[in-house]
Amino acid sequence: MLNMRIVSLYLPDFFEALLETLKVAALSGIFALIIGTVVGVLSTFKSKFAIIPVGIYTGFIRSTPLLVQLYFVHYGLPITGLMLTSFQSAIIAFSLNSGAYISEIVRGGLSSMDKGQAEASRALGLSWAQTMRLIILPQVFKKILSPLISQFSYLIKDTSLAAVLVIPELTYTARKIAARTYMPFESFGVPMLMYFGIYLVLALLSRLVDRKKRSSSDIRRWFGFRKVI
Amino acid sequence: MVRVQEGDMMQDIPLTQQISRLGVAFLSNLAFLPFVLGIGILLGIIIAFIRFHRIPVISQLLAVMVEIVRGSPFLIIVYAVYFALPYIGIELGAFQTGIVVLSITATAYLSEVFRSGLMAMDRGQFEAAEALGMNYFQKSFLIVLPQIVKTTMPSIVGQIVMTIKDTSIVSLVGMVEIVRTSRQIMQLTLSPFTAFSIVSVFFILVCYPLIVVSKRLEGRQ
Amino acid sequence: MEPVVRIRGLHKSFGKLQVLKNIDLDVFESDVLVLCGPSGAGKSTLLRCINMLEHFHDGSIEVLGKGIKESHGNLSFVRKNSGMVFQHFNLFPHISVINNVALAPIHVKKTPKEKAFERARKLLDQVGLTDKYDAFPGQLSGGQKQRVAIARALAMDPKLMLFDEPTSALDPEMIKEVLDVMINLARDGMTMIIVSHEMGFAREVANKIGFLDDGKIIELTPKEEFFTNPRNDRTKEFLSKIL
């Protein structure tokens, strides 16, 4: 069905592009996790100075297209004097975007946390920071692992927009090779299968996490929390 | 995709004119919605029911198709449709590509929403309807469907928001809508913040209320 | 002698509902005070004010000579020197039993790890859980969990122990093992304030009983007097219903 000669000829290019996609996603994902955790924790404060900026940030990100956010960063930041490469613009935009969604996930995890945990921790004399670090956040992350995996799946798909900034990831490369070979089915088919492959792996991982969470009361196997102390 | 360069002539476009031009362009984005969402909901429900009842062959086929669409980035589907279809004789313009891809995407995601809604339904409902002597269609339309729509409303609204935002991506195959227009404006006025801020406001005006509605619906459950 | 806990004029409301009304209370060293009364009387709230898990509006609470409302430093001091045991245990599920017990000494008191773990093992032995050091809370029964919770609180070497309905969430056959631990604690001279419905336990171990109703301390008397010759009518009514 697909012309396998063309496919095998360009397979190395596609794999290189796949690597680029994963690089963008991984980097953005790490920053997004940090941003999301900080913002998520902030959103649980009672102060207006926390709630309002968080609300504006997440509201803006969720109400506007990623493409517009990407343009904002790429075209807008240089005006303020900050010169960025396309790659950096992409990472910034994706991190801010995913970070907002992750913050919502973290917030949900925090608000569904048993209040007694924090109470016991504070009663023992642990500070707020220690309580968060040692008791609350470890449990929250275990709880939200599955939604986080889903969010990463969305991030992978979002990286396709990096093509707009001429970053040699999978979607850009697909177009490039389609133009060169005049064989769009192969040129787009292989990348789509690659995206789909990642999507499947992540979906299975998410399901595995869910199943383990439900059956296992032996939490030790999960993160080796002997190291908490 | 070219950054503004030296020697470009700067044109001063007054703010009101920017707003009106972008507002008109935004109508092109919104124009997609009635058809895309209508098809998405209709076909989404049908696909959900087919898969729920595990009708042989068709269910599996639909499952594969839905998953491939859900697993692929929107942009690459757009490129694939736009660049590949001419090779089998179908020449699509940007707007038509948009309609096709947005419809396919919305259908795929909505079918999952409805399917999970079906699976989450209380079996007792089916049984009560049957005990009352209803046939399949009466059961589905009078009992099942209304309840599914109510429980999945937050997700449906969420998908509407996604579709609205995805219309911006159609700009990348040449369609003249708000994002493309704003880039043209930006290239003339050399002030990206103004142009993109106006674009953001338009999207926020439409999407943010929907998001609030979705959250409120979720809270009520 | 200075009281371990001194409460004067304590008022607490949840919104419009006044839950504690003008509470005065002194608890002295080695006292074992059991607070009882109908549900909603404010017993747990009163207890939780002592280590500021609940904030109060009017009045003063001094623990070990420090007014807890006055400064954050005082509150930290109080929390380090008092221990609380909760109705629903509140063990940390993501770490093992011994880590639960050693965590606070290591991070709050900066006890060296070896010492902390040694102390933890000793305390777990004391509450009868020698073979459960490396178990996880999810693997324990209710009675076992509560005993770990007591060990965890004791690890901080508190001068005061607060118990908020410690056996209310336990199946009947497990209540005894927890009460036995608490009896031993009392016999060793620990100052204890216990909110509980277990009047039999109160009779055995308490030296003072406090009866609360509708946010006020109706009666606060030595144990014998409370059971044999209660002064207040409401107290008599309450006793007749449960005994």
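Per-chain residue numbering starts at 1, and chain names A, B and C are given in the order in which the chains are listed.
Simple rule for what comes next: a contact is a pair of C-beta atoms (placed from the backbone, for glycine too) under 8 Å apart; a residue touches a chain by one contact, two chains touch by 3 or more.
Worth saying up front: this structure is predicted, and the values here are computed from it rather than measured.
When C-beta pairs in contact are tallied for each pair of chains, A-B comes out on top. The chain with its C-alpha centre at the largest distance from the centre of chain B is C. The distance from the centre of chain A to the centre of chain C, with each centre set as the mean of the Cα atoms, comes to 45 Å. Averaged Cα coordinates give chain A a centre that lies 21 Å from the centre of chain B.
Chain B and chain C have CA centres that are 57 Å apart.
Residues of chain A that touch chain B in their complex: 59-60, 62-68, 71-72, 75-76, 78-79, 156-161, 163-166, 170-171, 174-175, 178, 184-185, 188-189, 191-192, 195-196, 198-200.
Across the interface of their complex, chain A is touched by residues 1, 3-4, 67-68, 70-77, 79-80, 83-84, 87, 161, 165-166, 168-169, 171-172, 179, 182-183, 186, 191-193, 196, 199-200, 203-204, 207-208, 211 of chain B.
Every residue of chain A that touches chain C in the complex is listed here, in rising order: 114, 116-117, 119-127, 130, 134-135, 138-139, 142, 217-220, 223, 225-226, 228-229. Considering their complex, residues 51, 53, 76, 79-80, 82-84, 86, 88-96, 99, 102-104, 106-109, 113, 136, 138-139, 149, 152-153, 156 of chain C touch chain A.
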